[in-house]
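First up is the structure itself, then whatever we jot down about it.
Going in written order, the chains are labelled A, B, C and D, and every chain counts its residues from 1.
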Amino acid sequence: MPEMTVNLNQEIRQVKIHSNMGINDLVSQFSGCAFGAGKLAEAVDIYEKMLLDKDCVKFFGLAGAMVPAGMRQIVVDLIRDRCIDILVTTGANLVHDIIESTGLSHYKGTNIVDDTELRRESINRIYDVYIPEPHFSVLEEKLQEIFDRIEKKDLSIRKFLSKIGEQIADKNSILRSAYDSEVPIYCPAIQDSILGLQAWLYKEMKTLNVDVFADMKDFIDRCYEAKRAGVIIIGGGVPKNFILQSMLVTPKEFDYAVQLTMDRPEAGGLSGATLEEARSWGKVGAKAQVVTVYSDATITLPIIVAGVRSRLANLKKRTKKD
Amino acid sequence: MPEMTVNLNQEIRQVKIHSNMGINDLVSQFSGCAFGAGKLAEAVDIYEKMLLDKDCVKFFGLAGAMVPAGMRQIVVDLIRDRCIDILVTTGANLVHDIIESTGLSHYKGTNIVDDTELRRESINRIYDVYIPEPHFSVLEEKLQEIFDRIEKKDLSIRKFLSKIGEQIADKNSILRSAYDSEVPIYCPAIQDSILGLQAWLYKEMKTLNVDVFADMKDFIDRCYEAKRAGVIIIGGGVPKNFILQSMLVTPKEFDYAVQLTMDRPEAGGLSGATLEEARSWGKVGAKAQVVTVYSDATITLPIIVAGVRSRLANLKKRTKKD
Amino acid sequence: MPEMTVNLNQEIRQVKIHSNMGINDLVSQFSGCAFGAGKLAEAVDIYEKMLLDKDCVKFFGLAGAMVPAGMRQIVVDLIRDRCIDILVTTGANLVHDIIESTGLSHYKGTNIVDDTELRRESINRIYDVYIPEPHFSVLEEKLQEIFDRIEKKDLSIRKFLSKIGEQIADKNSILRSAYDSEVPIYCPAIQDSILGLQAWLYKEMKTLNVDVFADMKDFIDRCYEAKRAGVIIIGGGVPKNFILQSMLVTPKEFDYAVQLTMDRPEAGGLSGATLEEARSWGKVGAKAQVVTVYSDATITLPIIVAGVRSRLANLKKRTKKD
Amino acid sequence: MPEMTVNLNQEIRQVKIHSNMGINDLVSQFSGCAFGAGKLAEAVDIYEKMLLDKDCVKFFGLAGAMVPAGMRQIVVDLIRDRCIDILVTTGANLVHDIIESTGLSHYKGTNIVDDTELRRESINRIYDVYIPEPHFSVLEEKLQEIFDRIEKKDLSIRKFLSKIGEQIADKNSILRSAYDSEVPIYCPAIQDSILGLQAWLYKEMKTLNVDVFADMKDFIDRCYEAKRAGVIIIGGGVPKNFILQSMLVTPKEFDYAVQLTMDRPEAGGLSGATLEEARSWGKVGAKAQVVTVYSDATITLPIIVAGVRSRLANLKKRTKKD
């Protein structure tokens, strides 16, 4: 900050709540606020700009148990509307996506519980989500059947996931919608999931070879080709780093970046690292628009998407009228 | 949990976002979600029940820099609509309330800044809020003038604040709206604020005696008299504990409690303590409905208030029709 | 940062663990580390400098349930050795200090528990500390007896606490050691504790008048008179702000500051605020040495004190030899 | 908790600090404390039991930027002393391990910095660690050279890493010490690192095929064969889940588990999930001894290792005497 010019142009505006107000109205009011509310409004602005920027390739990093928590349809709709061009996620989110696609449900439970008792009743817990263990037997059968059906030559993780997506009937599946919309899904740590365990089981009996590094060329090529690039990061984890590091081997940098997380910077891990830090690496550009909202993503993601969708719809309406 | 009955009745429902959707619609969908989103929906349910419960005295604990962040009007409107019966807050929130009531503003800044440079330019920072130091000179003048004007006999902190509120012209002030609506404001750590420093300055020259414990009888009486009691806790701090502990000397317990905070339980401090812990003390009843939303309160408070206001307005409309 | 000179002089040194190594050896090694370990080593350096600086007045802000967790003796020893000149704390820490001084104990429990069951068994919980409710009856009796005994004229909170300390027999009490060592204890939110509730009970029957603002002159005078000032902040809360704000009305600023906390800056509350932010207010000087260690204070406080004590003892030994 | 028996046998003992005290003495005292200090003492107890249990296979999950922070030698020594039987880590820790093995250093910097300026000066930042970008060119050369040298037939990630370790001269390298000690290293998300980027670069020109799922049989076999199993988890991330999930396909469960993290449970991600939750899945046994220390791992890991090493050394001495 060689020449600091302290800006006192923008007054804090006090939020005014009306009954039956729209999310977009609230987000607009948040733009006059500080702390999380102000950051959330910035996130909407940045995602809107990303979507309106025709030259921008839109990456989406999805970590955390977002599907079990109820965020699956949001991701599916973003894929189908091509608000996501490239998805990087965890094996867990895909596993729970497949479970839901078989018609089985996750259940609301409580985090204040005796886990030994849950064990006895064969219920697996993810904070306050309950999953009956027999669901995983259904999943196993389903996956083994799918693995049998797909062509297994020359596989990368992305191709493997695309072929799985092709086999899923449920249109509201992340894997299926990505297949339909030709949105590639990358999952660098696929072994680290029940999908990985099932792949191992299959491999015990039959042939399944998936090359670890096969996706990288493909992924980096997309980074190279992007005139501009933006990313929405949910949670952190492998998806965050895998997306951001890809720019290191290109002459480019991310132009837009939004992160929604509860992780914190002070412990030094990448999940909690600020997006400012990413500038020092050249992952994010010096002039890139970035914001991190430190708040629960199951709350902030729906609000951001609702805000952006409202704005784009209203823009369309206005454009039509003209 | 002597007999655990694991409940698998409530399926997780995946959120579906529409453009121009209302906040209340989103909150209703959140009731099918887990993690923060699910807790937020519970918070709306509990606050709604509190407001519909005619016999319930509604406490509100306000810590954190909520006024500088843009949450002042929300609190004022809740007071004027008597959705708050008793407010317990920090000196800081009152200081910033008075600053805004003089017509001066807080400003949006950035938390990534050289604070030494800010110091040179006489700008005080609260995370990403900037306050020009001269504001505090205006405040000083205002406060000394008010202190001169009010009757200073037999003061408790509550009475002192009520008299200050009486002197404030701005109807959108927390202090003034509380005075107008006869909502008492308690501020146990009033010395811990610039209001406290100004009181000291005044006391250096003139007489000002406020008894530390004078409010407690009054406060505890209100607890005693309450048929039922509910509390909304923003942040934690002294307001949280002061409200909850008051029930210890009555035969009653809180029936409803909602906490919005980013603090965490593991460090053992009261701000981050779960509301379950409060049950062990008898501060919160065994059957009380409680929820903590671990997320940024500048985001969750407006959503909860918007959700509750919408429901109450719709209820009114429906009742009218009948 | 008008002229940035990026410093690459200090290499990270990898920690080497030996069996039976001393704490001071580990702290020395931490000075070559990053993240929390590096900050902890800085905290030891700063506290050591504070203690060696003859002109420095040493403030200590104690929030959080540090006494129930087992940190009482550390504070007592720091007081007796005059490593604390002025203590600012919460009512809760004093309440638990008095309980221990009656010979009653806190107990180790578990945070994974049914609080309704604890309630039934009259056990109060602070995270994983259990306190039998009858302890508070003993405390009540003790306090009412003490209140009766002390002179109640012209009281400020500090004087009130000093008089209570005088009545406590247990030399290992914070209140008693502070009385013995003439270390003043300030407790701005004394009402916000069972001590406050007991004062109210007393006031119901007899006379007890304590002026809210009476301590401020005294406290600010001490700030004025300090040639230099340093502060150790445990947790945050009212003690943190009360100490830091006091410098606002003096021409001085803190020269040394260490904070140990798990709170985070992003939510905007003062407890989690960085000490950098305090520079913008002039609470902490532009050249002050400051560090925040974001880690559990029940771990970091003992290590810092052990590190500083070792260094001072070794210094003494060396000085003797010469 | 069908029959709760509230245990009030163990009193909180107040910590007493001496100058020049040993770490093990402090840890012993922590066993009488609550909150983080108490949990830390439990962690030492559990790790000690793990190490004394001849039938226990000792897993170690290492996430976070532990090598740049100064924790490399600790891990190396644990491997060489066979206190780690199986290491699961992130690509990043291995990348920084190789950098250090070339004789290049990481540097202590500050987290309060203008990252755009760092970018201009080609310095990459990890919180308060600085790495000159040219280090990565050295790394690139080194890795391409190593890749050329190793046999590339029939590779799994584990074998690939073992072959890299074989080529590293520095005895204080994690990769080399693991090779020497025949401790397998698993790194499920190897692509998510500069090691992955370098593998891609190599693959652009030459042949490199590493199968994604090839390690799983091997890893799960080790789980099957373990009579008993214990795990130390640093941070969370992929290593945590990969280790814990492996037990799902065996009839066994972990008997001991320690986690050191700053992540929190409420956001629902696996990194912050409690080890209790893992019981519901059968990853951790109903009677397993588990503890999570929510504190900075760069502080807690060295203390735990120092505590355990001291106890084992003292045990040896005593045994010798007999």
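Simple rule for what comes next: a contact is a pair of C-beta atoms (placed from the backbone, for glycine too) under 8 Å apart; a residue touches a chain by one contact, two chains touch by 3 or more.
The structure displayed is predicted, hence computed values, not measured ones.
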Remark   = Overlap of the subunit C and subunit D neighbour lists contains A, B
Inquiry  = When I count C-beta pairs in contact, which pair ends up with more: A-D or A-C?
reply    = A-D
Message = Suppose each chain is reduced to the average of its Cα coordinates; what separation in Å results between subunit A and subunit D?
response = 27
Query = How many angstrom lie between the CA centroids of subunit A and subunit C, rounded to a whole number?
reply = 43
Ask   = For subunit D, what residues touch not just one other chain but two or more?
value = 1, 4, 34-36, 65, 68-69, 114, 117-118, 123, 126-129, 262, 264, 266-268, 276, 294, 296-298
Residue ranges of subunit A touching subunit B (in the complex, touch as defined) = 1, 4, 6-24, 26, 29-30, 32-38, 40, 65, 68-74, 77, 100, 105-109, 112-114, 117-118, 121, 123, 126-130, 132, 172, 262, 276, 293-300, 302-303, 305-306, 309-310, 312-314
Task = Could you pull out which subunit B residues touch subunit D in their complex?
result = 1-4, 34-36, 264, 266-268, 294
Query = In their complex, what parts of subunit C are in touch with subunit B?
reply = 1-2, 63-65, 68-69, 92, 111, 114-116, 118-119, 123-129, 157, 188-194, 196-197, 199-201, 203-204, 208-213, 215-217, 220, 235, 237-238, 241-242, 245, 248-249, 261-273, 276-282, 286, 296-298
